[in-house]
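Take a look at this one; I'll ask things after.
Per-chain numbering from 1; labels A, B and C assigned in written order.
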Amino acid sequence: MKRRKLVAVGFVALAALVFAIAAGGVSGANKAKSITIWLQTDAQAANWAPIVAAANAQFQKDTGATANVQYQSWGTHLQKFDATLAGGNTPDVIEMGNTEMTKYMAAGAFQDLTADKGTFDNSSTWLAGLAASGRYNGHLYGVPYYAGSRVVTYRTDLFKKAGIKVPTSLAQFTTDGQALLKKFGKKGFSPVYIAGTDWYFAMSFVFDYGGSIASRVSGKWKGALDTKKSIAGLTAYKNFFNAVSRASKTTDEAHPNPYDVYAQGLAGSIVGPAWYSCCVGKQYTAVTGQFTVPSHVKGQVMPGFLGGSDLAVPVGANKSLGEAWIRAYTSNASEKALEGIGNIPNTTSLFDNSKINERAAARSWFVPTAKNWVNVENENILRNMLAEILTNKLTVKQAAQAASDNIASILNAS
Amino acid sequence: MISAAARRRRSGRQAAWNVLGIAVLVVMVFPVYWMVSTAFKPDNEINSSTPTWFPTDATLSHFREAIAGVDHPFFWNAVENTLIIVGITVALSMVLAFLAAVALAKYRFTGRKLFVVLMIGIQMLPQTGLVIPLYVVLRNYGLTKNEYVLFGVILTYMTFVLPFSVWTLRGFLLGIPRDLEEAAMVDGSSRLGAFVRILLPLVAPGLVATSVFAFVTSWNEYIFANVLLLDQSKQTVTVWLSYFTGTSRHTDWGALMAASTVIAVPVMLFFLLVQRKMRFGLTAGAVKG
Amino acid sequence: MTSFPAEPSITAEPGVSRARRRLTWARVGRASVPYLLILPVLAAVGTILGYPLYNLVTLSFQRYGLFELIQHSGHWIGTSNYGSILHDSVFWHTLLRTVIFTIANVGLTMVLGTAMALLLVQVSAWLRVALTVGLVLVWSVPAVVAVQIWYWMTNFQNGVLNYVLGAGEHDWYATTFSQLSIVTALIVWAAIPFVTITVYAGLAQVPAELVDAASIDGAGSVRIFRDVTFPILKPILLILTSLSIIWDFGVFTQPYLLIGKEHLNSSNYLMGVYVYIKGYAEADFGRGAAISILMLLIVAILSVFYVRKMVRMEAVE
C-alpha cells in the first residue's frame, strides 16, 4: 500500500544515509599504537611547531608509537577536558596552565609521576616557581614545560628624545613617566600603558612591599590583602597608575591587548610578557627595547608573576607512552629550543643572564596553591578590587578588606 | 484624477520614506560592511585610531593568512565538515519534521497535546547543562570515535532543530484548505498518500523557510561542536574560528575578519538563493496558524 | 472528516466475520499511522536527550564536583543545591536583571522589527529589495563573528563608535548598564532580520480591500493599523514574542564573549552566564544542574501564555 511504502522508503533512506556517513568516514583502521596530546595553540606558531615535530619524531624513535597532537584554545580546553573526564577518552598528555593545575590535582585528574621523576631531563634543577605548580601533597603530577615572566617593553626613541635612561627604581620610573607625559602627552598617550585591572602587574607591587594574597594558617586560608604591607603595595600601584597610565581604569589587559596600543604609537612603554617584542607593529620594531620592572627598592627587580605551563598525564591514559612523550618534549635539547624562541625553559641549568625574561624571573610570585583559586579568578575578585580602588569607589583599605574576606571564603569553601 | 499637487505630495512622501529606508539600511548593514572592509585593510589601518572608511590600500594578505596560514590549519576540513553536518541535519530534519507535522495537523490521536508540549519544552532547555551529559551519551553509543563523530553531531543538532521545525511546519499545514484533501481522497487513495501528494507541493515554501532556520541554527552552533569534535580535523568552521582568539599571543585582527568574511559567504549565498521563496512560505504558515 | 463504513452489528451472521476482521486490522493500521509518523522524531530526540535530561534532574540533588566527576559517582544531598541557590542573593539579583534585560530585548526587537516591516511596505521596490538583502546579510553572520565585530567597533582605543560620536576614549564596558546596553544592541540588531521578514510576510496577507474600505470610511493610518492590520498580525507577533522570550532569557554567547570573562562578576551576570560560571566553570555540576532546572521552570512560567495558545490551537481544529 502507498502509505506503508512511503514510510518504508523513509526509513530505508535514513538507514542508507547512516551507512553512507559511517562508510565515508572510516579511515585506515590499521594504525600503529598512537597517543593523543593536547597542547595549546601557542605551540602551533610557525617558530614553535618545529620543536613539537622534533619531539614527535624523537618519541616515535624511542617507542615506535605515533603522537597525535591536537591543539586547544585557552578558553575552552578545560571544558573539553571535563567532558572527557566524565565520559572517557582523555588525552594521554595535556598541557595545563600553571594556575589551572591545583584544582585538577586535588580532584585526582592526573596520574602520579613521582616514581619516574628522575627520568625527566634536568629534574634536579627544575625552575622552583614553576615546578611547585606540578606538585600536590608531596606527589609529582605535572612536569614543568616552560615559563614566562613580565618585563617592560619600551620605545627607545621616545626615551632618548625625553632624555631619560632605563630606570633602576620605581620612583625613577615614575619621574621618567612624567617626563614622557610632558613631552608627548597627546590624546590617549600613556607613558606606561597599564590596564587598570591587570592584577598580574598590580599584585607585583603587593609582593614587592612584602605583602601577599593569601596564606595558609593551620590548615585554613586567611586573606592577606588587608595587611599593612599589602595595602602599602596597593597604594603604590594606585599612585603609579595615576601618574603614568592613561588607560581605562576598569579595563583588563586583554581588551585591548597592550601591544596593540603600542603599535598605534599610543604607549611609551608597556608591561607584559617578554614575547611582546614580536608584535609591536612594523614601524616600531627597530626602536623597541626591554628592561626589567624595577622594584621600589633601588637596584632590585620587582617580583614578577611567573606564568607558565605544565604537562600532565590524565587518569585513564597510557602512562608509559605519555611519560615518554613528555620526556622527549622536555628534553634538554627541546627546552633549549624553547628558550631560543623566547620562553623561559623549565630548568635553571639552561639560564642565560643575557636573556631579560630570565633575569626578570629571578624574583617571582605565584598565586595561592589552593584548589579553589580558579574560582577567585573566575569571579574576578582581584579585578573588581582594582577597579574600585582606581575609580575611587572605595578606599584602598576598604576594597582590600572586602577582597580579602571574599578570597578567604572562596578558598576555604569545600 | 489626481491633481499635479497631489502627485507631487505623494512623490514627496515616497522620497521621505526612501530616505528613511536608506538610513536604516546603512545603520543595519554597517557592522557587516566593517567586517568585510577590515578584512581588506593593511595592518596599520586596522590599528590606527582614526578609522579608514574605505580600504583604498586593499590587500589580500589577510585572506591568504586566514585560509592557508600555518597558524590556522584545517580550514578546508572545517568547511567540508560543516557542510556535511549542516546539509544532512537540514535534510533529515525536514523529512522527519514534515512527517510529524502531518501527524499533528491532520490526525487526531491520544498524546497529541503532550507531543506538542514536548516540542516546546525542549526549546526551553538551557543548553549549557546538557553539554557534558550529551558527550557521555554519545560516547556510550560509540559516536565520539573519529569515524562516527560527524554522525553524533548531526544527531545532536537534529534534536535541537526538530522541535522548532515540527512546530513551524504544523503551522503551515494547518493553513491549507481541507477541500483539497477531500477531493484527493474521493479518488480512493489512502489518507497519508493523499496528504503527501497534495500537501508537499503546497507546503514547499514552508519547507524552504523552515530549512533556512534549521540551516542558521546548525551553522552557528558552537557549544556542542566544540566539545564533541575533539579531533581538529573533524571540527566545524565556528570552532575553527575560535582559535583565532584562543591563543595567549598575538591576535591577528585582519586574519580574523578575513576568516569571518569567508565563513559568512556560503550562508549569504544560501539565503540570497532562497529568500524570495521564504517570504511566500512565511506568509502561508504564520498567519493562518 | 471522512468517515469509515459503519461497523456491522454484532448480531450479524458468521458469514461476514472475515470481512469484519479485515476492517478491524485496517482500522488498527490506520490508527497507528500518526504514531508511526511521530516515531522518528521521538526516537531521535529521545535517544539523544533522554539520558542528559534524566542526568540533569538527578545531578541537581547531588553533590557533584570535579572529584565526583572523575570518580563517576556523587553524594545524594536532597534539595541542598536548590536551597543554597535560592538563598543566594546573587541568584535573585541576576534573575531580576535577566527579566528586565529580557523585557528590554524582546520589546525592542518586536517594536523595531515590526516598524521595519511597516517601512518595507512603504519604500520603493528597489529599496525594498536592497533592504531585504541587507537584512539577510545581517542574519547570516554567526554570533561569534558578530561579537568580534561589535567589540572591535566599540573598543575605547580605536573603535568606530567613539570616533563617530566624538566620545574620545569612552569605555563602553565600564558600568553594568553600559555593558548590558551594548549587549542588548548587538542582540536586537541580530534578531531584527528574522522578525522583520516574518512580519512583512504577514503584512502581505492583509487584504487590500479591507484597508481601502477602512480608509474610505475615513480612518487614519493608526486606526487602520489597530483595527485591520494588527488583528491579522496577532498570531505571528505572538509566536515571535514567545520565541524571543525563550531565547533572550537564556542568552549566553553574546554577553559572555562581548563583556568578556575578565569583566564578568556578580553585578552584571545574566542567567545564561550565571549558570555557566557557577555550575561549570567552577566545576560544581550539581549546582549547575539545579540552576538549569530552575531556569527551565522560570522560562516555562514566563512563556506559559504562549504554550497555552499553542495547545489551544490544536483544539480549535
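Quick note on the criterion: a contact is a pair of C-beta atoms (placed from the backbone, for glycine too) under 8 Å apart; a residue touches a chain by one contact, two chains touch by 3 or more.
Just so it is clear, the structure is predicted and the values come from calculations on it, not from any experiment.
Taking the definition of touch as given, a chain qualifies here only if it contacts subunit B and subunit C alike; those chains are A. Ranking all chains by how far their C-alpha centres lie from the centre of subunit C, first place goes to A. The interface holding more C-beta pairs in contact, when A-C is weighed against A-B, is A-B.
Here the CA centre of subunit B is 15 Å from the CA centre of subunit C. In whole angstrom, the spacing between the mean C-alpha positions of subunit A and subunit B is 37. Multi-chain contact residues of subunit A, defined as those touching 2 or more other chains: 3, 10, 14, 75, 79, 82, 86, 188, 260, 264, 266. Multi-chain contact residues of subunit C (touching two or more other chains): 33, 37, 40, 69, 157-158, 280.
Residue positions of subunit B touching 2 or more other chains, listed in rising order: 47-49, 99, 131-132, 136, 138, 191-192, 242, 245. Remark: subunit C residues 33, 36-37, 40, 65-67, 69-72, 151, 155-158, 168-169, 171, 173-174, 260-266, 277, 280-283 touch subunit A in the complex.
Contact residues of subunit A toward subunit C in the complex are 3, 7, 10-11, 14, 75, 79, 82, 85-86, 103-104, 106-109, 187-188, 197, 246, 248-252, 254-256, 260-261, 264, 266, 315, 374-375, 378-380, 383-384. For subunit A in complex with subunit B, the residues that touch the partner chain are 1-3, 6, 10, 13-14, 17-18, 21-22, 25-27, 40-42, 44-46, 49, 70-76, 79-80, 82-84, 86-89, 188, 257, 259-260, 263-264, 266, 275, 278-279, 281-283.
For subunit B in complex with subunit A, the touching residues are 43-44, 47-49, 70-71, 73, 84, 88, 92, 95, 99, 131-132, 135-136, 138-140, 144, 146-151, 154, 189-193, 196, 226-227, 230-232, 242-243, 245-251.
If you check the complex, the residues on subunit B that touch subunit C are 14, 17-18, 20-22, 24-25, 28-29, 31-32, 34-35, 38, 47-51, 96-97, 99-100, 102-105, 107, 109, 112-113, 115-118, 120-134, 136-138, 141, 155-156, 158-159, 162-163, 166-167, 171, 174, 182, 185, 191-192, 216, 219-220, 222-223, 238, 241-242, 245, 253, 256-257, 260, 263-264, 267-268, 270-272, 275, 278-283, 286-287, 289.
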